[in-house]
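I'd like to ask you about the structure that follows.
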Amino acid sequence: MKTLICIVCPRGCHLNVDEENDYKVTGHHCEKGEIYGRNELLHPVRVVTSTVKVKSNIHPRCPVKTDQSIPKENIFPAMRLLDSVLLTPPIKRGDVVVDDVAGSGACFVVTRDLDT
Amino acid sequence: MTRQDYELIVIGAGPAGLAAALSAKQHGLSRILVIERDKELGGILNQCIHNGFGLHYFGEELTGPEYAGRFIDQLEGSGIEIVCDTMVIHLENGDDWRIVHAMSTENGYQCLKCRAVILAMGCRERTRFAIQIPGSRPAGIFNAGTAQRYVNIEGKMIGRRVIILGSGDIGLIMARRMTLEGAKVLACVELLPYSGGLNRNIVQCLHDYDIPLYLSHTITNIEGRNRVQRVTVQQVDENRRPIPGTETYYDVDTVLLSVGLIPENELSREAGVKIDRRTSGPFVYENLETSEKGIFACGNVLHVHDLVDYVTEESQAAGKAAAAFVLDGALTDIGHVIEIKTEPTVSYTVPQAVRVNEVAKSLRIFLRVNKIWEETSHIVFRDGDNVIARFKRDYMAPGEMENVNVPRVLLDRVKGDMLYVSIEEAQR
Amino acid sequence: MFDVAILGAGVSGSALAYQLSRFHLDVVVLEKENDVSLGASRANTAIVHGGYDPPPDTLMGHLNVDGARMCMELVDRLDVEFRKTGSLIVAFDDEDMKEVHNLYDRGLQNGVPSMEILDGEEVSRREPNLSKEIIGALWVPESGVINPWEFTLAMMEVAVREGVELKLCEKVIGLKRQDKGFLIETERGTYSARYVVNATGVHSEKIHNMVAEPAFHIHPTRGQYYLLDRSVGEVVNSVVFQCPSPLGKGVLVSPTIHYNTLVGPDSEVVEDCENTSTTREALDDVARQAKRSVPSLQLGSNIRNFAGVRANSDYGDFYIKISAPYFLDIAAIKSPGLTCAPRIATYAIELLREAGLDFKEKETWDGTRSVVRFKEIPEEEREAFIRENPLYGRVICRCETITEGEIVAAIHRPITPVSLDGIKRRAGTGMGRCQSGFCGPRVLEILARETGKATEDILQDKEGSHILIGDTKEGRV
């Protein structure tokens, strides 16, 4: 049995996951929590947020995120992919910056509009 | 700015100001001005690039800029006037009009008349000196929010070896952020026996990156002549006093402080707004009107929130109330006023008072408890010896704001002018 | 070859540079730090003392009253923040009351004008927040609070504008007698000057001993302070001292020029004369002592702690004399050094004249300076002022209402700042309750822009106090 704190929402439920019983989850208050509890032991994933460089004196950086969770072990390799990105405004929320992050199928997308 | 008199001026265009202005518009006002001191809208959300915003309000997880973006989009074409890069430096309260003194490079110094004002200036961070950490005064000591701005907005690195004091959410978020940008975060140190941040942030910002969290510890000395070189960490006793002999030393070049936020009410004070010492924000009635007629407050200037979703809801209520004030005029018959008093188990409530006649179906009261309640407990409202309302909770913590809805029918039962709120453990 | 080299750009060196700039002399000031006023001149009690305290047979006693008068003239000429608040020296018992009378007599001998001895009731009427145990006080009206680093900077700015050369980051490591004067070795080069003036504060013993027999011993004495937020209100209207006792001078509670409240200092001899760290023990001690004067003092409203190291010495007086041919000491300058500085400068000129230096006054010399402080501009004139100078319309420091115009003006005055603290000393940014949490990044950007530097090169304070260390997205893990 493993105890976890659910990170799906700010409520932070205390979950119990039974590895010996098909990863059965207890202590959750919603379906998402149950899924999280299972995944966290089998293949933990996270959304990654960071920034990328922008050709602009006013806004030298633009925030980005992965549009879906990626495997935890891919976080640092994913970060490295952002180092070489340089955007030129105008930039729109949702613009894809990096496709298929580290083979995860997720993309890094821009999270704010930046005008020239 | 085209007009010199407005129905409503909103001071601040962070999440509170944006939602308040939009709500006032929806509730019938047409001449609204929003004044923002930064060069763009969105306030602190612009630098909060992490996700986790909006689950309550939008039912999905957004980053800070995305959350702000949703409101900024609505603002465009709404007819609400906006000025950025403009600082309000003085606020006067008159009988019929309120005067907002604003200045900017573009519009110079202006005294703007309006019927109602919504205070939405947000908060500022407590500093190293507010908590009196002794030692030298080198570079490399940052408030977590200032650090966040340098890293996320300016794209600047502020250090390589970091220790964090305070386990508030900004501190936890910055622990992860600095790690992702290649810094080594050695520890997060918290004075209290529990964390001030959300549990999910402890998991995904500290545990994920093997950053230790030391509860009941604090930084007791900072060394370094020009840049931070070393800090002393000590365990504290139950009275929060450092325990001699527990000193450990960390060789770091950076100290990040996440030791609390303080509502920024200098303008409010000048206008005569009564400030509640418990929240450091204005004392407000059920509709978020302050002690000064026509001046409303919402968001972190009123009390420090842990979720922006609640800021939005609160600000919409303030916008609606300000619209009603402008369109219907000030309250003439105030009726029964009940002040909500806190027992020692409750740190504060918002609102602090209620004009019962103004409550439609129920009154939503936000409150914070003063310690962790791990057993099932009740939030209890009493009028003298009579229990007016009781709300059950399985778990409560100071870091997580509670809210309850007290039905009007129950408020009508209050005889006196005081309603006491406390936390009581449930009987087994 | 300079006529005069002043070592040290604290208040003493700056006051002398200011006075020398009115004459046809080639003057250089060598300062080891990256700005003016970085020693005791920036971390002190910020008071223009009345002159009742120093013994009448000392140089301090002789110079104080004149110095205070000169300070009050200079603050007008130099547009330096100053308020004549007066001071009270309060007595808690008969023993103290005796001391109050002693101080009164001493003040009379030193020529202090308009002093009065007040009873407890009158003290309480004037200062309602003071302890009810106070039975009387000495009232010294001709004293006040000053902005000490602005005072120092203002004098040096005028001096530089009037031809004095200021060399920063020039730490003196050797002094050699030459034919006519001295060869001064610094860590980066050499200077020659006919006369050398030692105004190096806590370092003055070391410099003195380079050219003369040891004559005094500096005991670097650290004093720690609290600065309280304006939200606590005006705790006191005047500077409130306790009676000096065998345990020390006692801490004071004082208003500042910006209506904050200053509390401190203690007094502790330290080994390292640059050790300006604060300590828990000393701060607690200051708090305890200050509460004796003001029992309701709210130290929870602290916005900054700091410490300064004063050049106290075993000599017991200022050490101002020609100690070797062509070598003038302005050494061991402790309290009331700030007050005395303008008078020390004129006294130093007398000594240099006696030592053979020729003083020929310039035909034109402008000893004045003025600065714009936006918040002092009357409301009805602000609109027009911003129209003319748009940068004054952008507030950068919201706690103290300091505009971009004031910051840019400060950067382009005669001594270019290199740090956020340099801007703080010139324009007042970051002095308030958020301690530059909000304005810091903005000031940094303005300073980099106006001086053409990379943001990484902007410092917090002294050399090496880098704030930013590079860019994000550099691929380091």
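Each chain carries a letter (A, B and C) given by its place in the written order, and its residues are counted from 1.
One rule holds for everything that comes next: contacts are C-beta pairs under 8 Å (C-beta built on N, C-alpha and C of every residue); 3 or more make two chains touch, one makes a residue touch a chain.
Note that this is a predicted model, so its numbers are computed, not measured.
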{"item": "Innermost chain, where centres are averages of C-alpha coordinates", "value": "B"}
{"item": "B-C or A-C - the one linked by more C-beta pairs in contact", "value": "B-C"}
{"item": "Intercentroid distance (Cα basis), subunit B paired with subunit A, Å", "value": "26"}
{"item": "Chain centre separation (subunit A, subunit C; CA means) in Å", "value": "53"}
{"item": "Averaged-CA centre spacing for the pair subunit C and subunit B, given as whole angstrom", "value": "39"}
{"item": "Touching two or more other chains - residue numbers and ranges from subunit B", "value": "154-155, 181"}
{"item": "Sequence positions of subunit A contacting 2 or more other chains", "value": "51, 53, 61, 76, 79"}
{"item": "Two or more partner chains touched - positions in subunit C", "value": "472-475, 477"}
{"item": "Residues of subunit A defined as touching subunit C within the complex", "value": "51-53, 61, 76, 79-80, 82-83"}
{"item": "Residues of subunit C that touch subunit B when the two form their complex", "value": "231, 274, 276-280, 283, 302-306, 379, 382-383, 385-387, 390-391, 393-395, 398-399, 401, 404, 433-435, 437-438, 440-441, 445, 455-456, 459-477"}
{"item": "Interfacial residue positions of subunit A with respect to subunit B in the complex", "value": "4-10, 12, 46-51, 53, 58-61, 63, 65, 72, 75-76, 79, 93, 111-113"}
{"item": "Subunit B - residues contacting subunit A, complex", "value": "39, 46, 49-52, 55, 61, 63-66, 68-69, 152-155, 180-181, 198-200, 202-204, 208, 306-307, 400"}
{"item": "In the complex with subunit A, residue positions of subunit C that touch it", "value": "472-475, 477"}
